[in-house]
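Got a structure for you, written out below as structure tokens; questions coming shortly.
So that you can tell them apart, the chains are marked A, B, C and D in the order they are listed, and the count of residues begins at 1 in each.
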Amino acid sequence: MRIAFIGLGNMGAPMARNLIKAGHQLNLFDLNKTVLAELAELGGQVSPSPKEAAANSELVITMLPAAAHVRSVYLNDDGVLAGVRPGTPTVDCSTIDPQTAREVSKAAAAKGVDMGDAPVSGGTGGAAAGTLTFMVGASAELFATLKPVLEQMGRNIVHCGEVGTGQIAKICNNLLLGISMIGVSEAMALGNALGIDTQVLAGIINSSTGRCWSSDTYNPWPGVIETAPASRGYTGGFGAELMLKDLGLATEAARQAHQPVILGAVAQQLYQAMSLRGEGGKDFSAIVEGYRKKD
Amino acid sequence: MRIAFIGLGNMGAPMARNLIKAGHQLNLFDLNKTVLAELAELGGQVSPSPKEAAANSELVITMLPAAAHVRSVYLNDDGVLAGVRPGTPTVDCSTIDPQTAREVSKAAAAKGVDMGDAPVSGGTGGAAAGTLTFMVGASAELFATLKPVLEQMGRNIVHCGEVGTGQIAKICNNLLLGISMIGVSEAMALGNALGIDTQVLAGIINSSTGRCWSSDTYNPWPGVIETAPASRGYTGGFGAELMLKDLGLATEAARQAHQPVILGAVAQQLYQAMSLRGEGGKDFSAIVEGYRKKD
Amino acid sequence: MRIAFIGLGNMGAPMARNLIKAGHQLNLFDLNKTVLAELAELGGQVSPSPKEAAANSELVITMLPAAAHVRSVYLNDDGVLAGVRPGTPTVDCSTIDPQTAREVSKAAAAKGVDMGDAPVSGGTGGAAAGTLTFMVGASAELFATLKPVLEQMGRNIVHCGEVGTGQIAKICNNLLLGISMIGVSEAMALGNALGIDTQVLAGIINSSTGRCWSSDTYNPWPGVIETAPASRGYTGGFGAELMLKDLGLATEAARQAHQPVILGAVAQQLYQAMSLRGEGGKDFSAIVEGYRKKD
Amino acid sequence: MRIAFIGLGNMGAPMARNLIKAGHQLNLFDLNKTVLAELAELGGQVSPSPKEAAANSELVITMLPAAAHVRSVYLNDDGVLAGVRPGTPTVDCSTIDPQTAREVSKAAAAKGVDMGDAPVSGGTGGAAAGTLTFMVGASAELFATLKPVLEQMGRNIVHCGEVGTGQIAKICNNLLLGISMIGVSEAMALGNALGIDTQVLAGIINSSTGRCWSSDTYNPWPGVIETAPASRGYTGGFGAELMLKDLGLATEAARQAHQPVILGAVAQQLYQAMSLRGEGGKDFSAIVEGYRKKD
């Protein structure tokens, strides 16, 4: 299949690589010449604009840093919607606010294009390994079309509902994740301060009502889970700045929906304070360090 | 075995019943004559004071509402420590602060009595069914002695470390639980307000990084989990007032340990506000109602 | 002086009336025909577009609900900047984010127009009475030009610095105000619950280190300050929805500046929860009702 | 007058000195021999126990660190109530929880002693200068008796109501103070990050609705108020650990009264986190440093 792939950053590039490996012909666009050269060597075709990339493709995929980029890549004069043929299935894999996802999809529909949203989880590791989770907001028909292609980049392709619901699913999950990680951090740090062995405490929590992914798979206390970032100096996981971005999307979406998110708002501010202390580059589970005395 | 059992409330009475059924002879004490009469009919022996109940027993078990009761039942002139024979294994199953647990145990040690703490989880249902979890703080020797007896009242007997660690494990787990439930409530209510199907959202969370007991087993959104209190009007689970008590223990223990618990403190206040609105008798998952428009 | 006045809502209309009274000739624009007719009767001239209103004016004033309106009124094809003569002093009195204030001012500068921001406080009462406070972000020269005109609508004209600083001053002040009002509410409700006379408590606070405008001038407890909204059913003051809007501007500006505002974020969520309960139309001091048992 | 003065710490010693200067004969008790020796040189009489100090006095004053000390100094076998003559006016100036204040006063009443509470504000500086504020919970008659003596140690003697209300007034005021200081810190730090001059911002707040003691008298931003601790490295004011103690009393009193204090609980945790970072010895206004990038 001839696929336009626009946005070749830390996530997009390995995703595109997996599609090339799977035998697709890719029309590529990015501002970064180096990554374009790399992917051209693997057989990708470099396009001069999103418009041209989309023009002769059977499917369009975008993977961009934020809502402003999605707007310009789709809506500008040399953007996707200026070139794409009516009827071409289109999907944006960026993590952005549901409002923008819906607006851009509406603009696409006006051109006869069915466009969905499919933000991912799984990080750069999952992108390289082709094990991402895709949360897809799309019509049933579009979902059916996208699924086999997304499966070449991911392992878990979930249909969340109409366009926008992919973004909603992702920000709601990450809102909860951001809160849970702080909850686990407070529970572990309190237990440690009161004198229980942290390994024992984690074991009890994990077989009790406090059980959660942030405790049993990604515990923030060093040494509790050997494979977690906490056990390797909080490197190489899901950075605190990315969590901060997602909590910003969640609280902003909540504000627009007139919906309170009290712990979510506090969580956002605590990651912001962590970032202010210069720790934003660490894995988000390093939030626990704010609860421990410096040695 | 002859066992003193002191404190026969909603939890203590069914626990004592299970011990009688298992063939033990019980010396009973409580201020409530009705429950004493009931258990006497099953074969229990009524004692005039904790002192006398403990005096000729081979094991002492207490199950009381709060730290003040534990202090008086053990330390008063007619209390357990005034009657118990040196060397008698002793365990308090109340949920209280770790500090008091350690102090009373120290007073017991001064009389030659090895006393542990073993707070439970599982509620009145688990107490009746004999399926409680006991979180035990005790010496290895005392734990070995207690275990077979506790197994006649519970299914999961966990050794947490020295005396006090049972309480620590319980309040740390429940601190996290109180936070997680609000986190799930905010995520579900936000998703609902933004327009995703709540059943779909719960499914995504439960197979993703937001996964937790509060979502996959006890989801606060009505209809998501058929067996959860949310699906039967928030009745018959773990009452918000009990959660409030445990969060009070957690934040007070944190204060004494000079340990911050930021989300934990906010969670406590939100359950307090729920209680002020007259909703404290509902299951604690009804906290989600504060995030939904009244119909 | 011939002045373009654009935006004649609850605030703008009485402000324009005061300028007409002071003898100025006004070019008016709004979408509301009724208010235009009213002001035309007083001598104002109705313009067909912001562009035409600005075209032959010596000064341009705008007073709009939100940033999106400011952008379109200034930047659209029939907007102010399409018509205004280079060199015409221009000021936007809307309360919006500092970022937009700076961007629109930059667009104005590109047309040779010096444009400042001057959000107000004092409410509709102050607008009618001509006693508003203007927080002005503008060059020293522009401030000198604007001051005498603003004095015909207000009593207190403060120069805050370059363009954007008017907005910054307003959102920082209102961030603090939103927090203080909740602080006073918690202190008064706690004192009341513990059994001190609330009038006595307010008196002590007002002569001590808790002293603040939210306590000594606008106390949320009914009966403490006779002239405060609390003493007339929380009507006729500064609505909770407006406070919510300003806290939204503050937390969003903080997010963009990577600056934590922890209590501010909690305050925003508490007003949001108040709004969800259907109380957003009341004066913002009614936040205290969430801390009191319903009768 | 012959006055028993018990508790001669950082606050009690200078208060006792002022009474000696005013011509009273003091019966002194403390565990610290050095301070006793010092005050004996000024003419004070050292007593071997609180009981003996109270025995032949016409008035009893106590100034102790916490509730546990108040209990033991009054209720122990060699305590005040074992020695004091019925009818002797008695006042405790410690800052403790209202519950304990009422209980000890009740025990005193059982011995025919009218005992009030009169916590102070003004710090060690005010104690030395005799300019303290006393918040007095006492019967009208006892207040009338105490007032002239308290005036020899303070400038502002406020009658708050019956016994316990002195403590209530103090913790409610300090609850608000702890919140306000963080509110001002967030507003100042946000303004600074957004680019307004902090001196200008403080000026605007101080003449607007954000006006409060924490801004106009004790501003946490260095240089804004020359006499504030912020302008001398956060030394020599009201230590963060003391604020933490008072917020602990407030949230604990709130818990017992089933009263939510949401911002108050967050404020307590933020001072606790400050203390964990090793900054608890600084003036409480140094909380602002958590909102600023380290240089």
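Please note the rule applied: a residue touches a chain if its C-beta (ideal position, glycine included) is under 8 Å from a C-beta of that chain, and two chains touch if they have at least 3 such contacts.
Worth saying up front: this structure is predicted, and the values here are computed from it rather than measured.
Undergrad: State which chains count as neighbours of chain A and simultaneously of chain B.
TA: C, D
Undergrad: Of all chains present, which has the mean Cα position farthest from that of chain A?
TA: D
Undergrad: Name the chain pair with more contacting C-beta pairs, choosing from C-D and B-D.
TA: Of C-D and B-D, it is C-D that has more C-beta pairs in contact.
Undergrad: Based only on mean CA positions, could you tell me how far chain B sits from chain C in angstrom?
TA: 52
Undergrad: How far is the middle of chain B from the middle of chain D, if each middle is the mean of its Cα atoms, in Å?
TA: About 38 Å separates the centre of chain B from that of chain D.
Undergrad: Give, as an integer number of Å, the spacing between the C-alpha centres of chain D and chain C.
TA: Inter-chain centre distance comes to 39 Å.
Undergrad: If a residue has to touch 2 or more other chains to count, which residues of chain D qualify?
TA: 254, 258-262, 266, 270, 273, 276, 291
Undergrad: Would you mind writing out the residues of chain B in touch with chain C in their complex?
TA: Those residues of chain B that touch chain C are 266, 273, 276-278, 290-294.
Undergrad: What residues of chain B sit close enough to touch chain A in their complex?
TA: That would be residues 98, 121, 133, 135, 156, 158, 160-162, 164-165, 168-169, 171-177, 179-180, 182-184, 186-191, 193-197, 200-201, 203-205, 207-215, 218, 250, 253-254, 257-264, 266-267, 270, 291 of chain B.
Undergrad: Mind pulling up the chain D residues that touch chain B in the complex?
TA: Interface residues on the chain D side: 248, 251-252, 254-255, 258-262, 265-266, 268-270, 272-273, 275-276.
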